[in-house]
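A single structure is presented below for examination.
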Amino acid sequence: MSGLIPHIEVPLIPADSISMLALTIFFMPIITFILLFFTGKHILASIRSWLATGVMGVMFVLSVYLHISIKGEHLSRWIWFEIGTIKFTTSMLLNNYSTTMMVIATFVSFMVHLYSVQYMKERRNHSKYFPYLALFVSSMLGIILSDNLLITFIFWELVGLASFLLIGFWYEKDTSAAAAKKAFLYNKFADLAFVIAIMILYAMYGTTEISILKELVNLSVTYQAVLAVPIFAGLAIWFATVGKSAQFPLYVWLPDAMAGPTPVSALLHAATMVAAGVFLLLKTSFLLIDWVPNLITIFGCVTALLAALQAIRTFDSKKVLAFSTVSQLGYMMMAVGVGADDAAFFHLATHAFFKACLFLSVGAVIHAMHHMQSHQFDHGQYKELDALDMRLMGGFRKKMPITFAAYSVSYAALIGLPFFSGFLSKDAILGALYDRAVVSGSWSWLIVAVAFTTVGLTAFYMTRQMILIFFGEFRLLKTDASYKKYFDHIVESEWLINIPLILLGAMSFWFFFSLNPLHAQTGWWMKDAFVSGTHHEFHIFIPIVASLFTLGAIAIAVQKYKTIDAFVDTRLTLTRVFANNYFIEKGITFLFVQPVFMISNMCMATDDFINRAIHAKAYFFIVVAQLADVFDRWVIDGLVHFVAGFIRYIGSFFRSYLKGNIQGYFYFTLIAFALMLLWLGWYL
Amino acid sequence: MATHILSILIFLPLLGVLGLLFIQGDDHRSYRWVSVLVTALQLALSIYLFTAFKPEYFQFHSYDSLVYMEKANWFQLSLGNLGILSVNYFLGIDGLSLSMILLSAIVLFAGACASWNITKQAKGYHALYLLLCISIPGCFLALDLFLFFLFFEFMLLPMFFLIGIWGGVRREYASIKFFLYTLLGSILILIVFIVLFISTYNPAEMMEYVSSNAGVTIQHIQEGIHSGELINNPSIIHSLDLIQLSNPVNYFPNGLLGEHNTLTVFGYSIRTWCFIALLVGFLIKLPAFPFHTWLPDAHVEAPTAVSVVLAGILLKIGGYGLIRIAWPLFPQEAGDASWWIGLIGVTTILYAAFVALIQTDLKKMIAYSSVSHMGFVVLGLAAAKTEGITGAVYQMFSHGLISALLFLLVGVLYDRTHDRMIPNYRGLISKMPAYSVIVTIAFFASLGLPGMSGFIAEILIFIGAFKGAIDTAAIPVWMPLVATLGLLLSASYYLWTLQRMFFGKFSTHMSIDRNTLKDLTVSEKALLYSLSGLIILFGLFPAILLNKIGPSMEAWTSFFINMK
Amino acid sequence: MKLIEVVFLFFSIQLLSSALVILFTRNVVYAAIALMSTLLGVAALFVLAGSDLLAVVQLVVYVGGVLILLLFGVLYTYRDPESYFEKKHVLLSIVTVVVIAAGLLFLLSDLSFNYPTLSKVPSDKAGITRAAGQYWITSKILIFEVVAVFLLVVLVGAGWIASKVLDKSKTEA
Amino acid sequence: MIPVDYYIIVSILLFSIGSAIVFTRRNILYVLMGIELIFNAANINLVAFGQLDPDLNGQLFSMLIITVAAAESVVALAIVIVLFKKLNTIDLNEITHLKEK
């Protein structure tokens, strides 16, 4: 079978100076990780955090330099290990794609680090936090840079490990530990597909180098030979991203992952973990042929819609953003599905900035809420307070104006108001979807309709969150007026928190991406950032319709939440469905977890059975042995015992005449002697 | 020294045993130093061997391929009309043995360090442990099957007493079960060896006898045997030299294993039965489903160091025997049975993982996970591709390190509280942070996290198995696909355990004295950290080992394919 | 009756009567002295039988060694004067002696020895000492060495047994 | 030259007396002395017959017996000491530990 595909030699290419720079950037967080992990509590917390942050800043600067100075593609490839003549290579590919992603990742990570310096200062278990962050970033860089699927998989899993460690960072909370486990296992399940993809590709093409695979797949597509291979491999890789990029039905781990520290959530949602899936899919898009892209589109569409619907009914401030991320990832996947790689990547980039900003600003509010809780704790009247519940917030606009400003800018970007980055990227995706629908017709129109609906839904739930958090009264006072004095104490956060907010918020404006505020096609991003990118027609009605949807949704939301008390905002059936994640988890438990435990018990029973069989065999032998023993004892031994007993009887008869006195023995000797003499004399 | 380095490596512990004789008193401190010192010397020797070993492209099972060969006639026994039994003291090292020797030196050293706290009859314990240190390297280096069997059986004796005397509550039951199970395997193996002995001859040694007749070559002898001239000659020399056995010309054409033999038992040829017997014999040792039930009991009852050695090395002898003996001697049969072998592999992986999921005893869970991981070895063997077979060897190596680490960790906890039940602990991380860090490393290593040695092994096995399924259809495609579920299951039980035992608020069962829960001491840290360091080292730089053993494994595959 | 027979008779009576003293005395010290007398008598018989070397050995080993040891034993086991003495079994002793002696003499009377004719008399004027010494030291040297080693081992062993007990008694005290 | 028969008669008598001592006395020291007498009786026989032998084997043999007897008495004395230490008696009627319990 594999003979049908021509064999391509895998050449080794030494790294040039640019690649060396990229490698340096890659190794910096790894060294930071090792350093901070092993020094642990032996160095001062401030030194630790500033060291990690400083390294991240240097990395960001270097990445920018790398991005500016790079021209064309830089591929370098080394031997990792070899088995006789079989060589396993590792390689690094630098192009616009990867350097752009590096800039995004390092920038967001840098911001999150800055933010964390202040945020984590007052929290316990500080010592492992920054090393884990460094591990997270380095794994992400590995995924970005690697041009080998096997190596990519390594970093892919390491991202999973880092997320496990960070989500479970407050391990003492049961929800945290459970969420960490859940995240890892859901991702691991999806990763099995990655393993299968590697298996298929290696078995068929003999290599896992992405650039070589690309040639080979193109060749086989041209020859129409074994198309099933790339189809199944593409399907497997897509399924791997379903886990990491949180697509339906495996997205349920992502909302739970909010149990980790807020900066981690920002990092997770913006630049590292969930982006990794989309990025990988973009990298290996040559594998997505035949019906696989349609599947991706449909699942992306379902994800976008379902997550947006759930966001509407969630009261946990971070979970709203989490569902929003899932929904936006659905958009990106839709774009990947219709072949608009550039639009997908564009949205990935813009989303990274504004989602990070949203998370960090909500984090600042939560930070303030926590302060209140700890104040109370100081006064000895501790009450369990859900600092994440939006129903208890409100009126933070005046208390925290900078946070509010950052939030509202990125809010505008997310819902896609004109002059903001989200507007550009979302319109690019919608345009691509529309183009596709024009070509293929039928069900594709349904996708377009859902996409537009979801635009409206996004605007609705974001407006709702904004109103609940920043406008109106501080509702916690309604339940417990004793919080009044603490609420009065709330002030704007420290500058270390505000600076990242401002910088990230600024990135939500259009001009960073395209000078034309209404269309990105002419902007530098769409032109330069991509090696591959198809040209899209610009349809003026798409932004207009999208904006109409948005404005309408805002209007409805304002109308609804301006007056209504948030506590009444519950419709039981729907909320129950949403709160249970559409019963996906229940379904997974029912379909997978319970059967697994059933099988486990069955296997255990089998083990017992095997043991019993062995015991039975042993008992059988024992019975046979007993029979043999009886024969031995009564028949064979009996004879021997009879002879021995007889002699012993005679012996004991004579022995009874001895009293233990030595002279007694002499007497007997003498008697024996005399008898001998007698006998001698008799004969003589 | 260099010419006898293998013998020195094997019999070095004998010096230690002699040394123990001269140490007086009940003081266990001096005994443990002897063990540690001797195993450290063994480790140094094997590291020297490892660095001196030059990877070259050679043939599998040929005298030229053996670096540091040692061969001497041990004894010859005339058996009348059956010919002459010739037994050689024949040691040699190639890529396959090299990895196992390195592993056993590392694990034995770790085990000796873990025997630090043995106070009950310490002299006997360390003497038995040192005997184990003789027989294990001997088993990996012997290339005469007689010698191999000698070392193989000799391992049982110290193991039996180490479990039976220094074990836990049900130690007698466990040790007898272990002994009987393994003995059954040994008997099957012995039967095959006897059949091999009577149906082969050794032309090289016969040459030495007839060398007075000028012009006689090995070919002459082989032709003579095959034409029937030399058969039924009392001067025919039989031996169990593995190199000679690997050559099909050296089988009597009409013998039990010969090509012309048409005798069948229950519809299968004698060769098939011999292969099955070897397979079962080594699968018991490995262990694979359904011959695995001795392992959890033996592990649970054994003292820590013995568990370490048991999981770290003894299981590998099963896999080593399959790769070294069963497959090369019966390639045709192994190829024919690949479907069933693959099935055994996949079943073992999943079955043991399922059982591990519901264990409440930490040590038992790890024991079952060992079984599960050894299933990968069988799967890699079934496909018989270079990647898969290398993966299998690497899996044995890495699992040796990882399971040693895991059992050491369980031992640490058991030493402190004498309780291993998972539900009895919660939130240990806040009480024993360093311990928890290493446990996390070990768990992730065992579940095949990339960057650790287990990942390299498993991914190599998977791609090898899948390649075998696609290229040669040795096993069906679904087997490697289903086997990937093993990764998910092992992640499940490890993470679940992590969540239950180490995360959450600290609490323990009331039967546990909390004051005994102390974090790791410096010496424990040194041992555990260095083992985890090795695991990560071999995970990040597999070239250290694979570049050395790769040519051997490639030669193995081509040998296997040619013979088939 | 020749003079030599008179001498023989004298020493015989002397040694037998001393032996009877051992049999009948109640005082263990007397018994030891009588034993010495008996041994001297035996030595005299040896001289009469022409083996003066053996007589000297008898004197040295028995009278000089064994007897002293016995006396030491007497001293060591001394507890109180009563223990020197024990109840006499005169009748029993006489009966035993008579029965055994009678039996043996009866046996002897039935026996008739065929004495070999002497080719040469080993005891010349110089006595047999020189001849015996040369003969034993040359062709029978092995026996001597065996005896020597045996004696050494026995002496060391006996000393060790006794010393251990003595040590223990010392520490106990 | 005195006939051998005379020696034999003396040795028989000496042996009888020695045996009587061994059988009748309770003090272990007497028993030792009796044994010495028995040895001497045997020696007398050997010497008496030995004078007929030009190779002097009889005398050599009695030489051996004397040394063995000396060794024997040494060991016996050691045993007496141990016994006395352990049982605090040398009365043979009280030393009946060989009796089957």
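Remarks
A, B, C and D label the chains in the order they appear, each numbered from 1.
As a working rule, contacts are C-beta pairs under 8 Å (C-beta built on N, C-alpha and C of every residue); 3 or more make two chains touch, one makes a residue touch a chain.
Everything numeric here is computed off the predicted structure, so don't read it as measured data.
With steps allowed only between chains in touch, the distance from chain B over to chain C comes to 2. Touching chain A and chain C at once are the following chains: D.
Chain centre most remote from that of chain D: A (centre = mean of CA atoms). Each of A-D and C-D has its own count of C-beta contacts, and the greater count is at C-D. With each centre defined as the average position of its C-alpha atoms, the distance from chain A to chain D rounds to 101 Å. Computed from the mean C-alpha positions, the centre of chain B lies at a distance of 71 Å from the centre of chain D. Rounded to a whole number, the gap between the C-alpha centres of chain C and chain D is 7 angstrom.
Each chain gets one centre point, the mean of its Cα atoms, and the points for chain A and chain B are 36 Å apart. Shown for chain A are the residues that touch two or more other chains, namely 670. Counting only residues that touch two or more partner chains, chain B has none. For chain C, the set of residues that touch two or more other chains comprises 100, 104. Working note: touching chain pairs come out as A-B, A-C, A-D, C-D. Residues of chain A that touch chain C in their complex: 670, 674, 677, 680-681, 684. The touching residues of chain C, when paired with chain A in their complex, are 100, 103-104, 106-107, 110-111. Within the complex formed with chain B, the residues of chain A that make contact are 1-2, 79-86, 150, 153-158, 161, 164, 168, 171-174, 176-178, 180-181, 184-185, 188-189, 191-192, 195-196, 198-200, 202-204, 596-597, 599-604, 606-607, 610-611, 614, 618. Chain C makes touch with chain D in their complex at residues 4-5, 8, 12, 15-16, 19-20, 22-23, 28, 31-32, 35, 38-39, 42, 45-46, 48-51, 53-54, 57-58, 61-62, 65-66, 69-70, 72-74, 76-77, 86-87, 89, 92-93, 96-98, 100-101, 104-105, 108, 113, 115-116, 118-120, 122-123, 128, 131-132, 135-136, 140, 143, 147, 150-151, 154-155, 157-159, 161-162, 165-166, 168-169. Within the complex formed with chain D, the chain A residues making contact are 652, 655, 658-663, 665-667, 670.
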